[in-house]
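Read the structure below first, then the notes.
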Amino acid sequence: MEISARNTFKGTVKEIVTGSVNDEITLEIAPGVEVTAVITKTSAESLGLKEGKEAYAIIKASDVMVSVD
Amino acid sequence: MEISARNTFKGTVKEIVTGSVNDEITLEIAPGVEVTAVITKTSAESLGLKEGKEAYAIIKASDVMVSVD
Amino acid sequence: MEISARNTFKGTVKEIVTGSVNDEITLEIAPGVEVTAVITKTSAESLGLKEGKEAYAIIKASDVMVSVD
Amino acid sequence: MEISARNTFKGTVKEIVTGSVNDEITLEIAPGVEVTAVITKTSAESLGLKEGKEAYAIIKASDVMVSVD
Amino acid sequence: MEISARNTFKGTVKEIVTGSVNDEITLEIAPGVEVTAVITKTSAESLGLKEGKEAYAIIKASDVMVSVD
Amino acid sequence: MEISARNTFKGTVKEIVTGSVNDEITLEIAPGVEVTAVITKTSAESLGLKEGKEAYAIIKASDVMVSVD
């Protein structure tokens, strides 16, 4: 499957914080570089996410902001 | 200023595609790792973005999806 | 690939409106039921979208609102 | 009221999962076709959502992605 | 119609910047307070937006970030 | 720091509803005008948000919808 979202980062699940509706998933996508996602608990379970598992972070370009110092 | 968005990546502007309302900005945040943002042309100009300039990509955690193979 | 986005609708590309940065893609996902997406022109071209082609609309649950009359 | 969001689907509330801040609402918008939304618990209560109630799913076009096999 | 989006601001259209797919709409929601939206050109035309017209800005709570100095 | 998000509103934290993953933050940005945000609990704690504290609501233009009566 190929998706229109422009940003895909391969990584490893580093931490999962569990809520009642949403879970917070942190992926390490490079040494010392982490991406945090909030997805539904149902999705996290359906994907079988757990610490150490390989996964991808996917982000639509229109959801990325830019800043400068 | 500190912002609630959980994901901030420091990088360098690699390419700017200009539109009439939106511009597409690509940042290189690590060797070979790029992030693409779509922001308003007004913002891109206000930030003074141009190729080679240092900038940050900022992404709210609720806008990040996760996938597995 | 399995993605955390909860909503996936299979359909057929019905119309493409082309812009300079973004394209607008309309999929028919059931008889008389259409979904409109705005994605980057680069993505639309990379996916090889054209009228009549089979494609999927994907939507993260946190981007769906609910209303009542 | 008419809203700029391009995608509106009429359906029936099929399931509500309750959290502390957010609720997850699933609407059936056609036989066998469901849309899942995550909205604040306050909104779900304000709208009086409950299983079997008629409601609409509303999605902004810039939040829709497209994929192909 | 009542919608789950938590933030609604009544205002007046102050400026419209027209693109090929998206338009940028600026509303004045209080003296000196403006909100800028990017919506599809089709939506802007369907709503009959023009300078001076009364309109509302609507924002889902999960799309709002918070910052501090 | 200057950010591409077009909408920034200065206000005061009026209410915090705490969840397990997300918190709901309400800012009063003008007398009688409130903005509600859903951000991760980790962010709310990191920013040191509490009732009465000065803070900003930040919203990307592509996340703003427009409606008319």
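Read from first to last, the chains carry the letters A, B, C, D, E and F; within each, the first residue is number 1.
Please note the rule applied: a contact is a pair of C-beta atoms (placed from the backbone, for glycine too) under 8 Å apart; a residue touches a chain by one contact, two chains touch by 3 or more.
Everything numeric in this text was worked out from a predicted model, so none of it was measured.
K.L.:
So if I superpose chain B on chain C by CA, what angle comes out, to the nearest 5°?
P.N.:
Chain B sits rotated relative to chain C by 120 degrees.
K.L.:
Counting C-beta pairs in contact, which chain pair has more, E-F or D-E?
P.N.:
Per the contact counts, E-F leads.
K.L.:
Measuring centre to centre with CA averages, how many angstrom lie between chain A and chain F?
P.N.:
About 23 Å, centre to centre.
K.L.:
Taking each chain's centre as the mean position of its Cα atoms, how many Å separate chain B from chain F?
P.N.:
Computed value for the inter-centroid distance: 22 Å.
K.L.:
Would you please write down the residue numbers of chain D that are in contact with two or more other chains?
P.N.:
1-6, 19-22, 24, 36-40, 42-44, 47, 56, 58, 60-63, 65-69
K.L.:
Which of the chains are touching one another, listed as pairs?
P.N.:
A-B, A-C, A-D, A-F, B-C, B-E, B-F, C-D, C-E, D-E, D-F, E-F
K.L.:
Quick one: which bits of chain C touch chain D in the complex? Just the residue numbers, please.
P.N.:
Touching chain D: residues 5-9, 24-25, 27, 29-30, 33, 35-39, 43-44, 47-49, 53-69 of chain C.
K.L.:
Considering the complex alone, what residue numbers of chain B touch chain C?
P.N.:
Contacts found on chain B: 17-24, 36, 38, 62-63, 65-69.
K.L.:
Which part of chain C faces chain B closely enough to touch in the complex?
P.N.:
Within the complex, chain C contacts chain B at residues 1-5, 19-22, 40, 42, 60, 62.
K.L.:
In the complex, go through chain C and note every residue touching chain A.
P.N.:
Where chain C meets chain A, its residues are 1-6, 37-40, 42-44, 46-47, 56, 58, 60-62.
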